[in-house]
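Read from first to last, the chains carry the letters A, B, C and D; within each, the first residue is number 1.
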Amino acid sequence: MTVHVQREDFDPGAEIAALGAGRPDVGAVASFVGLVRAEKDDVSAMTLEHYPGMTERRIAAMEEEARRRWPLDGVTVIHRYGRLVPGDRIVFVGVASRHRAAAFAACEFLIDWLKTRAPFWKLEETTAGGRWVEAKDIDDARAGRWEIEKP
Amino acid sequence: MTVHVQREDFDPGAEIAALGAGRPDVGAVASFVGLVRAEKDDVSAMTLEHYPGMTERRIAAMEEEARRRWPLDGVTVIHRYGRLVPGDRIVFVGVASRHRAAAFAACEFLIDWLKTRAPFWKLEETTAGGRWVEAKDIDDARAGRWEIEKP
Amino acid sequence: MKILYFAWLRSRIGVGEEELSPPPAVGTVGQLVDWLKTLSPGHAAAFAETALVRAAVNQDYAGLDHPLHPGDEVAFFPPVTGG
Amino acid sequence: MKILYFAWLRSRIGVGEEELSPPPAVGTVGQLVDWLKTLSPGHAAAFAETALVRAAVNQDYAGLDHPLHPGDEVAFFPPVTGG
């Protein structure tokens, strides 16, 4: 189990190779790479802020949850923070398993959680200055439900 | 759209990078790497035979089918043939999309098809000589249904 | 008690972290929010719309009714926008 | 008509490919199988258990009742075991 929350870029190929290396029982490695999209014309870059300590702990807890749910041989999660521009890699999830269905399910489970529950916040750089990105599911956000989550 | 049926190894990291390169609209790259498992003690290697021509055409047809089903920005499929040993990479599927759910669904769709319908056959090298691997779903195989498939 | 603020809550309050000693009557996250609002106009602005604020106690997500103890690390932030 | 064999069908028949001209009565994949069985003991052995044989016509999977035309490429093989 490997969790990295880091400023630096990462190498998806090296991470995938590491998940299979020296483990002849591993038949399947499913992975996901998230990239910064150039969604809005006036956004030239973004800065990703996170909650050091909590981020790593919550990701580790979700990895444990994934291992409880599926038979996994290896899990790697990398999430970057700091300043990023469109096209930059932002997040990696890789899962190794004997079974490809388990590898896919766990990989999607982890990236879904990272995208919606991991303590990261995006500050967009616009021509008019910094702008905090609002959560997509604004109805959810406005519903006033404070997060209660027991991973 | 890229389809390679080749004897040579491939580089998952380079393929993932190529799927996102120069496309700032791509936010998600889901991928799968299949490895040769050391499943049986007496199997030291295998040779993968395929049907040249049909393999490429059927994979291309499945890619088109995947593009009809999901909004995809890029698809790469690589399948090796020839002699492989446990730990070797055997197959790669990478899918780029704006939407991670589409990327995952199309990636799993394509690898499921490759594993169950692509015209490849495994000859295992055992201490007692060559042994053709039987299809896993032997009930299906014995049911006598000849393949009819219109992708 | 260590209090952390992230994203626009930090901008409005002006600091990312402060060490505070709430009065004994503050026993839950919700009571802490009510007390923090009284500290400064920046705090009041940050917590004006509590529906847009999330909390964590000791680095785990927590609701308004979550109990607090001296020495807890409490964080406030907007809905997350990661990945 | 070009006929291809793969995996253990090739081993039993002894060649991977042959150019054959079936009699006019052979109009479907199933009829072709019945005719091929008569060509040699190897062919008979390869097609002994037709439930374990799959076919493709012009590089697309085809059933026993698929019609055949002169110039078609017809392939026979066991259930696939790829990936």
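Here is the rule we use: contacts are C-beta pairs under 8 Å (C-beta built on N, C-alpha and C of every residue); 3 or more make two chains touch, one makes a residue touch a chain.
Because the structure is a prediction, the values reported are computed rather than measured.
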| item | value |
| --- | --- |
| Chain C reached from chain A - shortest hop count over touching chains | 1 |
| Distance between chain centroids, defined by C-alpha means - chain C, chain D (Å) | 74 |
| Interchain centroid distance [CA atoms averaged], chain B/chain C, Å | 50 |
| Centroid spacing, where centroids are CA-atom means, of chain B and chain D in whole angstrom | 25 |
| Overlap residues in chain A, where contacts from two or more other chains coincide | 34, 111, 115 |
| Chain-chain contacts as defined at top | A-B, A-C, B-D |
| In the complex with chain A, residue positions of chain C that touch it | 4, 6-8, 11, 29, 50-56, 59-64, 75, 77-83 |
| For the chain B and chain A complex, residues of the former touching the latter | 11-14, 16-17, 20-21, 24-38, 86-87, 98, 100-101, 103-104, 107-108, 111-112, 115 |
| List of chain B residues in touch with chain D within their complex | 34, 48-51, 53-54, 57-58, 79, 90-91, 111, 114-123, 132-136, 140-144, 146-149 |
